[in-house]
Structures are given as C-alpha cells and as structure tokens.
Amino acid sequence: MAEILVVAEHRKQGLADISLEMLTKGRQLADRASGELLAVLIGKDVSRYAPQLAQWADKVLAVKNDKLEQSLAEPYQKTLSPIIKERKPKLVLIGHSSFGMDLAPALAVELGAPLATDCTNIAMKNGVVTVTRSIYNGKVNAVYSLAPSETVIVTGRPGEFPVEEGQQRGSVEEIDYPLEEEIDYKRLEGYIEPEVSEVDITQAEVLVSVGRGIKDKGNIEIAEELARALGGVVACSRPVVDYGWLPSGYQVGLSGKTVKPKLYLAIGISGAFQHMVGIRGSKMIIAINKDVKAPIFTVADYGIVDDIFKVVPILTQKINELKG
Amino acid sequence: MVLADYKYKDIIHRCFRCGYCKFPTDWMDVNNCPAYARFRMESYSCGGRLWLIRAWLDGKIDWTDHLAQIVFSCVACKNCAEKCPLNFSDNIVDMITAAKSEMVERGSIPSAVKNFLENIQRQGNPYGDARIKRGEWVEGTGIKQYEGQEFLYYVGCVGSYDTRAKETAKTLGEVLLKAGVSFGVLGNEENCDGNEVNKLGEESLFQMLAEENIQKFKDLGVRKIVTLSPHSYNAIKNDYPKFDGSFEVFHYTQLFQDLIKGGRLNVSGGLNARVTYHDPCFLGRWNKEYDAPREVLNAIPGIELAEMERNREATLCCGGGGGNFYTDFLGGSETNPARIRIREAYATGASAVAVACPNCMTMLEDAVKAEGLEEKLKIRDISEIVGEACLVKRD
Amino acid sequence: MDSIYKSLAEIVGEGYVSNQPEELFIYSYDLGTTEPHRPDYAVAPRTTEEVQEIVKLANKEKIPIAPLGGGLSLAGLAVPLRGGIALDLKRMDSIIEVNERARYVVVECGVSQGQLSSYLEKHHPNLRHSEPGAPPQATIAGNIAIHGQGDLAQPYGFNSDMVNGLEVVLPTGEVCKFGSCSISPNWFTLHPLPDLGLFLGWSGTTGIITKLSLKLYPSKKIKGVEQFVVEDEELVPEIVYKITHTEMADDIVAFSQAIPPMTSGLHHINILMTADSEKELEFKTGLFWDDILREYIRNGDGGFLNLSSAMKAGLTRRPQVSKASDWKKGGGFEYVGAIMPVETYPECYRRGVEISLRHDIPYTVLGRIIGRSHAMMFSWTYAFNRADPESIRQAREALHESDDLALELGGTIWKPGIYGQKLVMERMDPNTLKLMKKVKELLDPNGIMNPGNWEVS
Amino acid sequence: MDIVVAIKQVLDTSEAVDVVEIDASGKDIKKGALISRINDWDEYALEEAVQLKQKLGGTVTAVTVGPGEWDDTLRRALAMGADRAIRIDEDAAAMDSCVVARVLTALISRLSYDLIMFGAQSEDLGSGQLGPMVAEMLGIPHATLVVSLQVQEGEARVSRELEGGVLELYTLKLPALLTIQTGINRPRYVSFASIKKARDKELKVMSLGELGLSREALTPMVKLEKLELTPAGKRAELISGSAEEAAANLATILKNSGVILSG
C-alpha cells in the first residue's frame, strides 16, 4: 500500500508553513490512494512539534538531534536516505523552500529517484505521479509525469496548497539521530536577521510598491509622492533591491517581508510568484503595469494597463484633489 | 584606459571652469546646462564634469556609481559647446561622450543605462518591448510599407512605442498622406537609429545599428528620408555618412516648409491659439535648424507665435537627450529642466507648447502634469498643429 | 549615517548636500595655483534661514565654513583650507528689487554679474552696474566681499564703495542688517549710521553676506571706445592723469602684453565712453583727439589706433574670459592684482616683464584706473598649464614675487591669497592688527568662518 | 583559482514581451518573436566568478549543454571575462534536469576546478535542480541561493538567502559548488565591442561521445506531457481609458473604498 512521506521543516520560530501545506496535500493524496502519510522531522526537541504534525500524519518520525536548531540539508539527507531506502515511500513531499532547494536535488540523486520541483499541483493516479509547474514567468503551465519508480520526490511551491486543519491522531515515534560524525566539509557559522529599515512595511496600512518597471532609483520619487498622498509608505519587489535602488528592508515577498496592508498598490511589478506570496494577505491589491499579461493582474482587484510614468503622477494629483 | 590613452588628453585640462557653459546667450540665468539646473552643484556643471573625468582617468578619484551618474547626466544638449569661449569648445560634448564610452567598455555604467543599451541590443528599442510590436502604431492608418516610394518615413523608437508619441507618429503620417507625399514606413522592419546609443558612448553598438540600417535602406533603394525625430535626423544626417550611408534626409518640419511653400499642404484651415515653440537640441543646436518650424507655425492663420525668454541657440533643453528620456537622471524634482521649461513656457501666456520632437513631447507632457498645468498648457507636436489646420477642417 | 550630514540634509534637503568624493574633489579646487584642500561636505542653501541653521550647526560641531560665490577669485579664497563645509551660495539668486529712481538693486548673494547685467538690459535699460572684468558667473556679493572693482571704477571707485546696505549672517548665526534697510524697508544708503564696516574685504572670514543693495548708474545708449598707444611706459601716468581730468571717460585701462608679438612692449590705453547721442560721443572723442592727447601725437610719442567698428564692438562687449587662461594651452592663469599709485605704472610694468621672463611666461600686465587717478588696480597675470606641475610651480613663484613687488613699490595687494595676506599683516601697524584680531575673535569665537584667511597669529 | 560556471540561454518572456504562444506540438512555445538571452541568474554567477578571478587570478570556464544558437550566450560569457567556453552539443530541452546534470558532471569532472557556480534557477523553467545534483554527483559540498561569497585558504564563506530575508552563513571546503542568487553583485554591461573582441577566445564544442556518454544511456525520468497558457483565472477589473481618465477613476474607487480620507 502506497506511503507518502512528508519532510517537515522547522525554523527558530517553529514549523515552517510550507510543511503544513505539504502535509495537507500529502494527506489528500494519501486518502485518495488509501495510503499512509508519514512525517519526518529532525532536530532539537522535535518532540515539541510532533503532536502538531500528527494532526495530518498517520505516523510521525521525530529524529532527535540537539545540534540542529533548524532544518539543514546535509543532516536531513544523511538521515532521510536510509529511512527512504528502507520504507520505499511512493512519494516524498518537500517544500520548495530555501531548505527544500538545498536538499531535494541531492537527495534525488543519491536515491536515483525522479524529481519534480516547485510544483503548483500534484496528482497520483494508479501509482503514477504527475505534477503541474508554472514556467516562462508564470505565462505557461506545464504538466510533467514522473517515471514510475520505487520512490519519486516532489517539492511544492509555497502558497499553492492552502492548509486545511488535519483530523488525524497519528502515532509518534522518537528516535535518536543515527549518525554522530561531524560534517566537516560544510560548517554552519550562524544566522543574520534582516536589517530593520527605518519604516516597517509590515505595519503600514497602505503600501505603494515599486518593481523593475520603475527603471531607476531617481524615479522612486513618483512612488514616494503617491505614498505620501495616500498616507502610506513605499515598498518594493526583489529587482529593486538587487539593483540597489532601495535597501532590502523594503522588499516584499518570499525572500523579503510578508505584508497585510489595507491597500497594496503595485507599480511596474510583473508579479513573480516569489513576490505574490508576500502580498496575499492584502485587503485590496491594485496593479499598474503596461503588460496586460503580467501575472500581477491575476491577484489584483483593480488594474490599469498603461505607462506608470504617465499614470502615477496624475493619480497622485487626483488623490490630493479628492483629499481637498 | 588611462589618461595617456584618452583621445582628448591634450585638451581636457584646458577647461578653466569659467562657467560660460552654464549660461544662455544673454547670461540671464545660470541654469542653461540641464544637469547643473537640476542639481546646482559644481560637479554637475560642464566644467565640473570635465575636471572629474580627468581626475578619474588620471587615477585621482575612483569610479563610483555617483561619478557615473554625473557623467551620464550630460544629456548632450550642446549648450556648453555653444557658449564656451575657448577654442576647443567644439569638442566638449565629445570629451564627455568619450568618458561614457570608457565606462561602457569597462561595463560599469548606471543600471538604467545598462538596461537601455541591453534592451536595444535585444529588441532594437530602449523600452525592451518586442520588436514585432514596433509597427503596431500603423494599424488603422492608410500608411503603407515602404516599397520604393519617394520618401522613407523613419519614425524612431519613441514614436514607435511611446503611447503619446505614437499618436504624433500617426498624425504626421496622415498629414503626409493628405499632402499627397509618396512615402512608406518600415514597420516591424525598422530598427533603432542609434543616436542616443552613440551619445551614450556605445560606439560599436551604434556602428552596428548604423551599418544595418544603411544596408537595409540601400537594399530597399531608399534615397530620401523624412524623420519624425530630430534625434534620428541627426544620426542619419551627420553620422551615417561616416559608414558610407549618404541619404537626403529631412526633418519633417523642413518637409512641411517646402510642402506649404509649394502649396501642397493647405493649412488655411487655421487655428486660433497663442503658441510658444520649444527648440529641440538635435534640430537646433546640433543642426542649426531654427527657422523651418517657426515658418511652418507662422504659415498657419490664427497662430500667434510667442517666444520664450530662452530660444534658438539659448534654448533650455527638456532634459530628454542622451537617452535621458528613458534613464531620467534629471527627474524627480521641480528643478527638473523639463519643469523649469514648462514654467518658462507658461510665462509667455501661450495656451500650447509646440514641439518638433517626440522626446521633448514625452518629457514636457510629464512636466506639464507635474506642474499641474495640463488644463492650461497643451503640449502639441507641430505635426498635430498642422494636422488640425489641414485635416480637421476638410473642404 | 554621518550625523552632521544628516543635519545638513534636514536643513537644505538631501539633494543639496553631499559628502561624496566627486563633490568634495570639485570643491577642493579653485581655478588658480592654490593647492587643493578637501572639504568634508558641500552644501548649497537657498535661503538666509538655511544659511543661519548651517552656521549654527557648524558652531555646535566646530567645523569650518568656506563660503563660495562664483569661485573665481583665483587666489584660493574659496578653497576650504581647513576642510569643513564648502558653502555654495549660487542657489540664492533672486533679484529682489530694482529702485529705478533711487538707482539701486537689492540682490541675494548668489546673483551673478551676468544675470544682473542681462536683467537690467532687459528690464531697466537706463541702468547699469559696475561690472567687473570677470566671467558672468562671478557673483555681486563675492565681488564686494573682496573689494572688487568694475567698469565704472574710474568715475565711482570700488564696487564695495557702491554698497547701499547689507544683510549678513554672523559666524554665530544671527542675522544683521546694515544701512537704511536696518531701520526702514528702503535699501538706498549705508550711511550715516555708525560705521560697522566689518565685512567688506574680509573674504568671508567675519560672516556670510546674504543680501545686499548695490548702487546703479545711468546707462547711456551708445558705447564708444578709443585706444591710445604709446611706446614709452613713463608717459602712461600723465596721459591717464589728463584723461581723468576730462571726467568724460567711464573706464580707463592701460595694458601691455607679450602676445601678439607685434604689439609686445607697446602700451595700450583703452578709453571707454558712453553717450546718449552721436553728438555727445563725438564731443567726448574729439576732446581726447584734439585737445588732451594732441601733443603726444604731434611729438610722435603715441597715437590713436584706427579701430574698425568690429574691433570697437569687441572692446565694448561685456568681459570675456581672459584668453590668457589658455596661453600655455593649459587652461590656467592667476594674477596678482595690486592697488597701486598710478605713477608706479612704469616700474610695475618693467619689473613684471622681468618676473615673467624669469618664469618663462608671456607677460601680461594691466592697470585699471580707480577714481580720478586716485589709484589703479595693477595686475600681473601668469598663465600656466594645469596638466604640468612645473608650470604651476613657476606661476606660483611669479605670483609670490609679484606680491612682494606690489608692497615694495608702496602699494597694497587686492584679494591676496595666504602668502600675500602674510606679507600685508607683517607690514600692518601692530595696533590695527590687534584690532583686526579682536574683531575676528568677537565675531567668530569658534574660528569657523573661512579659517586660514586673514588669521592674525 | 579555477572556476567553472554553468550557464544557459533562455527566451526572454519577461513582462515587456507579452507574445508567448504554444506551438503545434503542444509541448513547446513558439520561438518566433522571442529573443534569446543569458539566464538572469547565470549572469550574476558569471559576474561573481569573473570578479573572483580578477581578485585571485586563475581561470573561468563557462559551460553549457545546448544547441548551436547558444554560442551567442557563450560569446557573451567570454566577453564578460570568461577565459574559455565549452558547449556540449545537445538539445537540453529533450532532457530532464537529472540527465543534464549527468552530462555536465561528465564534462566538469574532466576540467580542473576549485569552485563551480550555477545560477540558483533558470528564468524559463525555474526548477533549480542542476547545481545540487551536480554537486552530489561530483561528491563535493554545495550551497544554494548564495548572496555573498568570500574565498580564502581553500574555503568559501557564503551566506544563503532564507525566507524573510534571513541569511544563513556557511563555510565550505573547496572544491565546492554554489548556486548564485540575483543581487549578489551588479553584472557589468557587455559592450558590443567586447563581444567582438571575445571572438578569438576559445569556444569548444563537444559531443556526448567525447564525454563517454550516449543518448540511449541517458533516459529522462521526468517527462513533459503538455503545455498550456496560464488560464486568466481571477483577473483584476481593468480600468480603461486614457491615463488621465483611468487615474481619475482609480482615485474615485480608492475614495469610495475609504482608503482616501478627505481632510
């Protein structure tokens, strides 16, 4: 009978959301295939998280390793591969996170297992796993099938698998970290928390967010003027930080901050998923972009398809007029 | 490159920084260098820029983003060359362009300039829009593809892609049709003329564009070219001959002048308005054409031409030259030269600013909005004014 | 971020303050031979209030301020010798008021000579100011802060004698007004209030002039010029004396230069006149041809050049940048301008030629008459090649020798650089020197205003 | 310091270009209007490698698996400062990541390297698998999503970018493989002249055979079934009209939604 294994990931602040998303999906697939769902978690006092995982999983394998503050690829790979080799799960689910990106491909090679990453949908029909991936800047969906084999590995895109509360009361098995030898070729030196920017964009009620379309640092002014008119603050997408136009503290998205403003006004942002993940919580999203096919319009409530340098200054002025 | 290899090593230190380059002809205002007007620091004046370039090539200061910004904030409006009293004045813009070239060769240029040039490398236009969209503006007009007509109507990147300038490109085409001029366009086959690329110091890319365009023109048997943009006009007229491409090129205002004289373009429809005219640098200072646009306007009954304080050789550039209509190093402030210019235009009591360049059009359109004057002051291309005089009122 | 930078940005706005290498480089140089000195900040204020805030900050932080107008003194007076803030005042460029009838103009300190000339020409064609022989971006305030003179020096004296009122930000941040403007809205006279002449000629070491009222003079419709040439320099003083006696000339300038060679060694005396009618001009011209200078022509000692109308136009046009700046194909020249008795002209000329020869620089000397032969501004000009350190060194030596010469011949140095200031203070009577010191300490307790200049040890 | 950088050429489907269409096969997009260019991430990897070489000396070799057209991108890499380029003449589209990884591994294992760099992912397919796979196959340590890098005494100190902007700091023994995240540097502009100049640098083309591989032995485990354009799904309500009209209408919408508080 088919077994699905979810690799749970934890950070200092607790279980990663993506793990719950994977568990949710894993549960659905397991039920449909009337299979079992196994969750594996490795690290310091993992027993703390086990009960939570057991809400979805039939069985939680909690591997205790006090050295492991949070999920790291190498120790996970060393622990997982023997477990997988032994239990031969049909499907291994991992989140397509910074952790999953580090782990999954190496693990797949070690196991000789087919791998599909960053999937937006996962299906399992009579043993064959097919996945959907969003490619070409979100403009195309591609369906792939993974060659039938002992085990296949799939990583799921964050935010694509909404969490549903689990009803399971799975059993928990705690084991000690099997291997003790140091990993000397790759030393963890620590973590740096993101710099705190002068304005905290996570607290702002109105965000005027600029993307690559702003073209140059000097042009951010037009967004600042609009933000001022709306009593909000400026934020941005990744390229703007990459170009050094704004400090990283202003970045919204997966590798930046997750925001939940009343209004999120996206200027010249095409809407790569890494960005979209960060704005889902916004009450209202408005996008101004000259590319009608820009993915941002699929999450926005209102949109204007035009040159931002034409629209934004007028918008600012109209708003100031309305404020009287 | 070190100073010793710099083409202008023997003259760049001869700038005394006396400051004439900052002024218009009559010295009424120290702000006739667009970059200096915007930033008001000596580093952004023409002289300051030259001294900094020399210091950089001489290893006295390092390359920084800020230095690149200063160098690329020169929009090649040629005011400095016009006003400098010393005998190397003709080379001033070249000295700055050569420094841009060096930065281009080293690959260290502002990201906006990098995007500008890469977009042209890839898509043949600074916006990075698809090549196959270049001819979209033609749709719904009677304008034909070029196939040996008398004139090639060369539109240029701004006229082909900018939402506002596309209307101008259309109107000009319709006026030419109305005047019975035999002409055609290249549509998606048109490529960037390279004038800005050249002024941004990307010499080899410019050469490639020029040679490709020249070859294309020759293959199609083009002899006469009429351009919408003075920038295209400048490149084709003054630079293409260096690559063995000699064509009879007109800016459309020059063609209008002939058509009106020859009675083929009837503007008697007239139009009542007080209009001021903004000289584009690449028509005026670069090509000494100050009269054709004014004569065209004066030929239209009911148009009263009101000159701004700074006109002809003394014109204040809109800041749209040297690729700055895209890179916009001079924007984001009320001292943006385009906004200064709009305030100057408004002071003439005119209800419209007549322009003869799509770059000026887009720069001044944004500026008039930023000044909140769009109700009081319209930005109209001369082709549109002529169009209204000859198209709207049909017999 | 640098807290001083931050405070400066709060005062003038991000865009008008810089601590980046490019601005610091540019503001560390002036156009002459002075060694560069790097400021820590370049700041361009727009209002008197901003200037006050900056000065207060500088006092709190004990950082120097070097104020800068057109930056054309050439003598290094605007070079921030002790670092600190390079204060570029060119943004303060409003022409506030022209009083047509009382013939004065009130300007902000950043208003340039060119801007004022062109403004008067357009809007008040009957008025002119005494325009110095400097490029148009030289500022009115900078010029009076160093006792400059212009093309009306002969009838009316130094430009600093034409000041009708001043607004000054003291080195401690207070604003003071001097003259009628301190008690009424009118800026028509500096007198007869108690004389506090503490700012003119101090080269920005006692405060920052933010506004001033300058006397304007009748601008007649036509300009005329005659050029009298003599071979014997000894004749120049008496010729000038006779010309000034007529009170018919505006500007009188005697000069001699090595280039072009054919006129090298000759002395040209330019007599500029203005008139409201051809008749008036003919009368004035006739006076010089037929009466005043007739004997010299008769004796074959000299004669008037037959100037073509083009040449006349050239000579009456507004000042152009001195071509001497490029004689060494090196974009540089500096001069010592000394205020001398007119009778020293011959000696000034001869010794100037020697100095130039010693340093292999084509000689250029010029005397502009101030008042009715009361004095002349005599300049020894030395071109150099900015790209050649040796050439700069030569020019610097020549300049120092000329400073020495000016004092040796009993004159005083106008807008002296550090070297000249030392020479002057060495000779100054000790009590005056003491008073200077006291005044400076009183006004500028923290010594932040353009330090390095006029420092009494 | 010998550095190998694996790069690929992609079709520019970024926002300015809204002309993506599926071809007849249903398994690929129409190349027609689309422009090829170097994968964004790979450009950062190359820049990082070239800067490292300029600091420490050594060589930079750019490698790829792809068809002849991809030489343009390799030339660009050479123009950026790579010393030589090697292309395995195969259509990578017919392979899955694992197969491409095996080919690259076979190639790289024949080269001398202290450091191997990949872009963290590709713009077009974005699976981000190649780097870690090659590392695993070569048996060397790896780190993905690297946003800063220093190399000293046979070690690489890197920081990885985690969610929420947290950085994870590692020291890796060389040789190691890093996948580079955008923003680690500012890729230089590649002038037209430098591309011309790079023409005489070595650009080697190799076949699978020369690597001791054969197509037959390289069966993909992940198979593309079909492509379809992303369904519009929930679309924003587009506000039409001129820039002025649209802006005015939007302002009103904002007012009605209570975001703008008149005062």
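We call the chains A, B, C and D, going by the order they appear; numbering starts again at 1 in every chain.
Note that in this section contacts are C-beta pairs under 8 Å (C-beta built on N, C-alpha and C of every residue); 3 or more make two chains touch, one makes a residue touch a chain.
Quick caveat, the model's predicted, so the values are computed rather than measured.
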By label, the chains that touch chain C as well as chain D are B
Which chain is most central here if centres come from C-alpha coordinates alone?
B
Ranking chain pairs by how many C-beta pairs touch, which one is first?
A-D
Relative to chain C, which chain has the most distant C-alpha mean position?
A
Computed distance of Cα centres, chain C from chain B, in Å
40
Express in whole angstrom the distance between the two chain centres, defined as the mean CA positions of chain B and chain D.
37
If you average the Cα atoms of chain A and of chain B to get two centres, how far apart are those centres in Å?
47
Using mean CA coordinates as chain centres, what's the chain A-chain C distance in Å?
69
For chain A, write out the residues touching at least two other chains, lowest number first.
243-244, 306-307, 310, 314
If a residue has to touch 2 or more other chains to count, which residues of chain B qualify?
111, 163, 333
Those chain pairs meeting the touch criterion are A-B, A-D, B-C, B-D
Along chain D, where are the residues that touch chain A in the complex?
11, 13-16, 18, 20, 22, 29, 96-98, 101, 120, 123-133, 135-137, 140-145, 157, 159-173, 176, 181-183, 186, 220-239, 243-244, 246-248, 250-255, 257, 259-263
Considering the complex alone, what residue numbers of chain D touch chain B?
12, 14, 16-19, 32-33, 35, 37, 80, 186, 188-194, 196, 243-244
Of all residues in chain B, which touch chain C in the complex?
10, 13-20, 22-23, 26-30, 39-43, 48, 51-52, 55, 60-62, 64, 66-67, 70, 85-87, 333
The chain C residues in contact with chain B across the complex are 15-16, 18, 20-23, 25-27, 29, 31, 42, 44, 70-72, 88, 90-91, 93, 112, 114-115, 117-119, 121-122, 135-137, 318, 320-321, 323, 325-326, 329-333, 385-387
Chain D-touching residues of chain B, taken from the complex the two chains share
104-109, 111, 113-114, 117-118, 121-123, 127-133, 163, 202-205, 207-208, 374
